[in-house]
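There are structures below to look over.
Common to both upcoming complexes is chain A, partnered first by chain B, then by chain C.
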Partner chain A sequence: MADRPSALAAYRALVGSRVRSQLAYRTSFGIDVVSSLILACAELAEVYVLFHNLDVLGGLDLRAALLVFGLSHLGFALANAVAGTLDTMPVYVRTGTLDVLLLRPQPLLTQVLAGDVMLKRLGGASVGLVTLLAALGAQDVDWTPARVVLLVTTPLSAAVVFAALFVAAGAVQFWLVEAAEVTNSFTYGSAYASSFSSAVLPAPLRLVFAFVVPAAFTAYLPTLALLGLPGPPWLPGWLGWCSPLVAVLAWLAAMGLWRLGIRHYTGAGG
Partner chain B sequence: MNRTRGTGPVVDVRGLRREFVVRTAAGRLRRQRRVVRAVDDVTFALRRGETVGYIGANGAGKSTTIKMLTGILTPTAGEVRTCGLHPVQQRRTLARHIGVVFGQRSQLWWDLPLRDSLRILAALHRLPPAQAREREAELVDRLELGAFLDQPVRQLSLGQRMRGEVAAALLHSPDLIVLDEPTVGLDVLSKERLRVFLREEHAAHGRTLLLTTHDMDDVERLCERLLVVDRGRLVYDGDIAGLVARVGARRVLVVDLAEPSGALEAVVAAVPGSTLLGVEAGGLRQRIAFSPAAVTAADLLAAVTRVAPVRDLSIEEPDIEDVVRRLYESTGR
Partner chain C sequence: MHPVYDPVTVRVVAVLVGAGYRRYASYRAAALGGALTNSVFGLLRASIVAAAVTSAGGTIAGYDAAAVVTYAWVTQAVIAPVHVFSWTDVAQRVRTGDIAVDLARPVDLQLQFGATDLGRALATLLPRALPPLVVGALTFGLVLPRQPLVWVAALVCTLLAVGVSFACRFLLNLLSFWLLDLRGPVTLYVSVAALLGGLYVPVGWFPGWLRTLALATPFPSMVQAPADVISGRVAGLDLLGVLAVQAGWLVVTLLAGRLVLSRATRKLVLQGG
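Entry: the complex of A and B
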């Protein structure tokens, strides 16, 4: 089948069409972007208000806290644009869209993700990016080649971790069809927990948001590694270097759960 | 490109069974677990190039069977091979060989022009560009899509959208075409246009056609063979003539009388092959089923007119529901 175009061309066509159709309704697209910008700015204001009254929170000063905020928001916004559509898995099931996708010669998850890329959710990414750059400008980071690599890979690792959370939450909905509220609190809750220092959390919760739901690996731990900070008990700063590895593991786990979910949907077991 | 996979049957189903677990509340906390057999020990094979109607009442197990044939649902027991493939395990390979149209759900992108949907589908099926262009042009021409190809799908009428759905399902030239209620909700002209296209597609490319429908005209115009299911079981496998011979094809004469009259029992008693189905509007409208083999519509009408003057009349063709119902009755339901 050497004459067949690659599957990549298919997804280029699909994603391209989604992007075009979103840009076709300019006013509505503009409103969506602006509203996600406002939301992200409100969260940023929350950090600013906190540090107006405190010099240090959870072992981080304002500049470090903004670094965490920027990394977390950039990573989450990227994941949300690509995988946020998994929020609506019950709709896919109820309307039979899932059956239609199962009848095409491409993997289901890739079709779901490529079929609903949401550019509007990138509004949050721009706030994250600007905050990140501003925080870096204000920091005295002891730059080494390894730290540059860590800085560049962290938003990507974070995006993979959050995307894995979306996939896991979507997969769970094959069993619990009306559980969108629960799974949303899981994905958005993790995103929120990742946007500030894990050291403010009680120890058990801190461990949950690091080793069960790896939210701490998306921003807090990489920030510790970038700044060379020691970290709270049970969460040494060097763990930040493991973020890419944790992202890969999280993605593999999410894929496993997704496969089980599909098997359950098709009645093959589970 | 050679798309045939051997010379075996296109669909081969043996002892197919599918159970669902239904949980119902029993008391405050307890829930009762009940196993329902949606498909029960169904066996059949479809030869290449056959046109087959899959018929049955709502809930008889039609959709469940189609889902198992196409890899959406795993059988509880039994064997399925579609195009020689294991549907669930080889779902993505199978998807290249089958085209499925669901009358009730769309595979088009509602906010994109139909043309874009076809382009994306061609890419998802990884059709070589030249082949995709040629096939698209053929389908646009034969399904007469040209006039609305550049309109967003959400703006299309149901008939236009359905033709678009069919084009989308057949773009990759599948060996087996499965249509689930393709004509439901369509106007007479759209139905006819779709049937003509499907007949041509079958004649020109020898594709195997499997469709579920409630429309007797669909069955008569499109299906050489019928599979009738009742409560998950296959109760008839054969042609229409055989089905009609088994249950009789009755037409229904509906007469509107000039004045209310008692039930026309005497008339049906005198005319062989006729039965009184119902009396409406206090005797003003009466429905008489008759077997065309035993009596002509004219003779029956004459017999009615002798008893009561007729103001208006209509004749209903046998519908598939009626035939299936009587088949169910004849099999002891």
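Entry: the complex of A and C
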């Protein structure tokens, strides 16, 4: 009997086909990348406009705020490229496409994720990366080996946290169906929350966006750890070192929720 | 083309407004989900601008904490009815070719979609605007005007904002006669409209050059205008001025839509051979 291709090989083949199909329409692809770039610039303009009127926001100056923005956007854009397609889960559930995917001998999540890897999101990632590099260049970081490791792992931890949020949001669709938009509040909401200093949030919100939805662990807390800043009440700066651990926990929780969701799902077809 | 005052056209438009209303009024759970998202963003935006005003020493460009928090919540309340989101209703019809059917109808294309969009706005007005306002009032506290006349003006202003928003979205959708894939331009439009309209931060907070740029676009008439009127920030003659600017943009954007539409349909006929 011929071996079934591994999940990873199948994912690679599917993603390869998606990537080729996106590059086939060059003009459309170019417009998409530029649009995603300008979207990120418009969000960056918000930071610029705020700091045009003040010097310190939520305990961070412009350079530190840009560091948070860059980390958050880089992480989110990576997650969005890979897992943003989970936004279409309600359509899969409603139209019964999910039944077709469930029949195939590959894990459902692999198939859904491979369905649309959005290269255009890399436009947003590049804005995040450039902002991050510029902010680092302007910053006097007291570099230690540990901080270098933290800097390199943070965008990856952030991407895992955001991908976990997308998976969790997709999993909840098995119950919601009609109210698909509910989950935007915590995927895109936490992306937005993570791009600012958590110190601006009132204490209850700060706790929610750190310990219920771990948005603060994607950019703000690692920034505090990199710069050796103390942090606001309830969020000591050293928590930033825990980001990779939080990313792993978030991913495990999301996978648990995803399995519950699949078990709950009963096809619409008679 | 039928003139707008033709009684048959008026009846058709009324039917289309009703159809748009019923179509969007039937998705109650979706409206609730959307309102929740608006409320979460309201909490975040209000926190950020309140912290900004406190950090800047109490006021920025005439907005104190209470005023700018109200501004943040009111913008979250109006963006769904005004629809500063992606909208490709016309583009989808162009892509499938169904636009030929729409064009064959005895009612002008812009009027058909405009009437349906007005129905959509009316259906989403209360379900999408009230929840964020209630959450805002309970958490941060809002400063809203008490005079009934201001609320009448606020309604007129919001409807004008819906009109300008529709005219811009219609114009953008006409691009689909030339471009196959409109997703990129739509993303671009939504992000620029949100920024320059004052959704992230009031236009008054912009540095000079960006404010000049913003005021040269119709976008502040879609977001900033209703937010300033509903929060009672502009009153009296200033209010009339805001409404006049909105009306001006409505006329300009609708006319631009007609102009591009006539070119687009000529191109469509050429393709149809």
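Here, the second predicted complex is superposed on the first by the 258 of 270 C-alpha atoms of A that agree within 3 Å, B and C clash if a C-alpha of one lies under 4 Å from a C-alpha of the other, contacts with A are read in each partner's own complex, and residues count from 1 in each chain.
Assume contacts are C-beta pairs under 8 Å (C-beta built on N, C-alpha and C of every residue); 3 or more make two chains touch, one makes a residue touch a chain.
This one's a predicted model, so the numbers in the text were calculated from it and none came from an experiment.
> Return first, second, both or neither, reflecting whether A:A10 touches chain B, chain C, both chains, or no partner chain.
A:A10 contacts chain B only, not chain C.
> Looking at A:V200 after the superposition, I want to know if it touches chain B, chain C, both of them or none. Which is it: first, second, both, neither?
It touches chain C, and chain B stays clear.
> Quick check for you: in the superposed arrangement, does A:L150 touch first (chain B), second (chain C), both or neither?
In the superposition, A:L150 touches no partner, neither chain B nor chain C.
> In the superposed arrangement, does chain B or chain C reach more residues of chain A?
C
> After the superposition on A, what does A:A79 contact: first (chain B), second (chain C), both or neither?
neither
> Is A:G58 touching the first partner chain B, the second partner chain C, both, or neither of them?
So A:G58 only meets chain C here.
> For A:A164, decide between first (touching chain B), second (touching chain C), both and neither.
In the superposition, A:A164 touches no partner, neither chain B nor chain C.
> Touching A:S36 in the superposition: chain B (first), chain C (second), both, neither?
It touches chain C, and chain B stays clear.
> Just checking: does A:S28 make contact with chain B only, chain C only, both, or neither of them? Give me first, second, both or neither.
second
> Going by the contact rule set out above, which residues of chain A touch chain C in the complex?
Chain A residues touching chain C: 25, 28, 31-32, 34-36, 38-39, 42-43, 45-46, 49-50, 52-58, 120, 176, 178-186, 188-189, 192-193, 196, 199-202, 205.
> Quick check: in the complex, which residue numbers of chain B touch chain A?
Contact set of chain B toward chain A: 18, 67, 70-74, 76, 88, 91-93, 95-96, 98, 100, 102, 104-107, 109, 111-112, 116, 119-121, 123-129.
> Along chain A, where are the residues that touch chain B in the complex?
Chain A residues touching chain B: 1, 3-7, 9-10, 12-14, 17, 21, 24, 95-97, 99-100, 102-107, 111, 266-269.
> So in the complex, the part of chain C that touches chain A is made up of which residues?
27, 29-30, 32-34, 36-37, 39-41, 43-44, 47-48, 50-52, 55-56, 60-61, 179-181, 183-185, 187-188, 190-192, 194-195, 200-201, 205-207, 210
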